[in-house]
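I have placed the structure first, in the form of structure tokens, so that the comments after it can refer back to it.
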């Protein structure tokens, strides 16, 4: 590893990393919100709406992020949607993630034992309270690792934003690679940054999970 | 004009799609096996098992797949292990997807009441049989939506295997686009093929969901 | 050493990204282009057979370093920075930077007309560096947009988000020739003469291979084979130096 | 305890039942219900007066739990009517009938508590939190007040000491008492019990019996599915015997347990009487 | 059924207990167990002979379920010894003791069945599959044979018709019978029951009683935690009364239910006797 490279490209790589984190965090948050709303709407059980949501999920999941991003960025203006690169990137990431998050939440809802909800219903608890106080906590225990999976995948999808000239990590690293041809170093830098982001995220998630599951006395599958 | 260009290139795109499907399927299978094994090891292999599993998950979720591919294909030869491109591609996909799948299973297991494995223990089931017959089937059922997510992501991530020289769908469409300067048409075509494959995966998922429903 | 190995095996393994017409491209399933024809001639001179590998650019240089193949035959502009890391062959084509505009755009007829307009180019490429230098020297006010992929700057040009794209003349000429209703090259090229070369590994192990390739290229250049190939693909020929030129930046 | 058990179980309901001013709390008229092909309830009719305790007994699979679940509309019913305090449960009055909006269902359920056979305690909340939750979310009590009321009720069912334990750390009987406390704390007008004593030891059964008698004395209406005939005999004003989704016998405990002419009922009770005369 | 209930419950165990050739099936000696700070079992000693039926009764939270779970080592015990057919449960014979390898534990559990209070049926398998599963996985029977044996046992507990239903489509009593069938089909040497009748109606209680009597006649040893005193009186050779983690009374049903001098036992049974004399 060339120290000279670090001193020359360090600042721009760091700012690129900052941009990556910013786009990822906002896009993920947006995706989670949209996904959750979709999963909730699906629970209404209204067939036409479900068909529409299903189609949305399958199309968004089924096509590459790059394609969606280009459609949004280049096709958007013809629908009066003039987004600059970074906002387009964030919105695109949010839409892309929302389809996956919606499915994760849908699966989570299905795994909550009916009896818990029935008990709350029979006490007259309003749906909002049942959702917040009963369904979400029991569901989160199960879906948290999967949610984290998806967030991690989205950290890496942000590289696609570089194609819209969003100055994120990949975009900056590309400069270093093109100017110096130091391809291994570029790859190494990328690996370290992404691993760092993912590790911090996983550790945070581990903490949250420990708090959520502290009432489970034993791990499944372990002998007493 | 653009139709003839499409028609001329369609066979190559389809061939690329075939490669994408084949490598992804192999990666998926490998990932399911590695994922289930990792999850079992982390939950019942004691502290050492948990640690090994945690390191594995941390690395393969943390480091971008592109880099994993380059490592397997270019770095392993440096220590004397030469892997053919196709093997490197399948191994990388399987290892990466295994890390995600193991986490999906780990979450699902939290939703299975402890009493169920106790009942099996009390009947004299071995731990491996409890995993095979009681826990994993249920974890699988609970996780189908998340697993289908993962399959679709894996299929799309397989576009990266071109870095080891495997001509899969995305690569073929890029090449065709660069030669013909018909970017839009080629990418639209490739996108459509991805959509169809992913649609099939999703259908498979909802079929499995319905089949395995017990309520 | 590498040359000896190549000779012994009878094959020269080369790699490039086959998405760079007219140098490297795939039609159907056949590899075509200037590089292909040149390396075939070079291999003939060396008495071996060329074996081509198509890789995304990301993995071309790592592959070279990992010795998955012996030579990169992608056309690369020589810069000082790059020289420090890799061994370059003598030029295989001229690479003078030029501009491309939309086909019907009458407001740009010479390079200086980009004043007050937007220009797109590949991030980190020497052509982009040159146009920036050019604009600064002439006191032009230009907004630059930098893309990770040069192809994308063409797409942006077609879509009207930029008014001109910068790249090497051969590339631009070819693109404009393929879609004459969309693109037009702004002539003359604005840049200083620069050249494309191929890339090999640095170091003693590989020195003899690069020397052998250079020797073959020089011979091909001299006897007119190279000019014929350039004529076929670019419609024109140009004088190329027969030694590795000193990079100007 | 002894004062309560001195009462003659048969005389109390007789007095209540003949009271002409009593408006019916629950009216079930010709209710039928199927799960797919299998009909589980057939033309069930039953009236429960205010402050009355009715026990549902009968063989396994006869539809007791299903009937109970229809009363607070956790299960839809296919035909017939169920009314609580005069209001049709789950459907609007018009024909063809449509489901009422959820808000209306919620109002109904606020006044109809239910204790589940499998307790359905929320695993991520302690015993105390399980009880306090609905007080805050439904009754709108401030957290502190909800907590102190929950503490009082849990103490009353003998759980003062294990209040802060999570359900999976509680014994079966302890869990069951939390489930009962959760409902009682809400002070509903009607409580539906699905085998409230199944996990309780005889002493606790006696205590729950006492809790229910107190509730009855306070004017609580209760419908209780139970397999404990002794419990039914002592707590019930009326006993309904279900078999194959039909009510085949109905009357005072004395009548059902000792005077029934129905062969099915006699046969059902035979082993019980035998077993408990030791 | 009537023939069985004609037997004098007290005479049978007396005969067995005095048989000098009987080797003890389960020996529990000075077992203690704590969950964190709370001690749940204190110095419990109990011997169960071959073919004997012992009922554990006592108030909620007294440690009955915990003791049962220690017997097949679903719960570790802190001090003392539990032996089944002479073999120490869960630990090696050396001091300081270490846990035995899982394979040995598995062999033990193969011969010690357990029916759980909450049934713990596997929700992804039908009733039939629940019963057949262990026959294939543990006993190694071919699938067809396991299936036909499972069918036979399910028919015996009256579930021939709902054999192919998943647990969540079964009523409480039906689930409980599946849980019992699952264990009985394995033909263990000992069966541990945790409140096997809690979800059963009186008639079914009678039937389970009959099943257990048949098992006892075939030489099965059983330990039964129950809250149904009538059931205990009729099925048990011996009754142990637990309170606060201690065995405070032990003897024949007649002795424990009618002759005990322990005030705690008398108090415990009082409400029960009152309730069931109607």
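A, B, C, D and E label the chains in the order they appear, each numbered from 1.
As a convention for this text, a contact is a pair of C-beta atoms (placed from the backbone, for glycine too) under 8 Å apart; a residue touches a chain by one contact, two chains touch by 3 or more.
Per UniProt, the chains are A = Amino acid ABC transporter permease; B = Amino acid ABC transporter; D, E = ATP-binding protein.
These numbers come from a predicted model, not from an experiment.
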- Message: With a step meaning a move to a chain it touches, how many steps does the shortest path from chain A to chain D take?
- Response: 1
- Note on the structure: The chain whose C-alpha centroid lies farthest from that of chain A is chain E
- Query: Given the two chain pairs A-B and B-C, which is bridged by the higher number of C-beta pairs in contact?
  - Reply: A-B
- Query: So which chain is the furthest away from chain B, centre to centre on CA atoms?
  - Reply: D
- Query: Which integer distance in Å separates the CA centroid of chain A from that of chain B?
  - Reply: 18
- Any idea how many Å lie between the Cα centroids of chain B and chain D? 51
- Message: Based only on mean CA positions, could you tell me how far chain B sits from chain C in angstrom?
- Response: 37
- Query: For chain A, which residues are shared contacts with two or more other chains?
  - Reply: 138, 141, 187, 216-217, 223-224
- What parts of chain D, by residue number, touch at least two of the other chains? 118, 168-169
- Message: Give me the residue numbers in chain C that touch at least two other chains, ranges are fine.
- Response: 58, 62, 65, 155
- Okay, in this complex, where on chain C does chain B touch? 18-21, 25-29, 53-56, 58-59, 62-63, 65-68, 151, 154-155, 175, 178-179
- chain A-facing residues of chain D, complex: 72, 74, 102, 106-114, 116, 118, 120-124, 133-134, 137-138, 166, 168-169, 182-183, 186
- Message: Residue numbers of chain E touching chain D in their complex, please.
- Response: 1-2, 5, 9, 35, 57-61, 65, 117-118, 162, 169, 171-174, 177, 194-195, 198-206, 209, 227, 229-231, 233-234, 253, 257, 267-272, 274-276, 278
- Message: So in the complex, the part of chain C that touches chain A is made up of which residues?
- Response: 58, 61-62, 65, 79, 81-82, 85-86, 122-125, 145-149, 152, 155, 159
- Task: Would you pull the chain A residues touching chain B in the complex into a rising list?
- Result: 58-59, 61-65, 67, 70, 100, 103-104, 106-107, 110-111, 114, 138, 141-146, 148-150, 152-153, 156, 159, 187, 190-191, 194-195, 198-199, 202, 213, 216-224
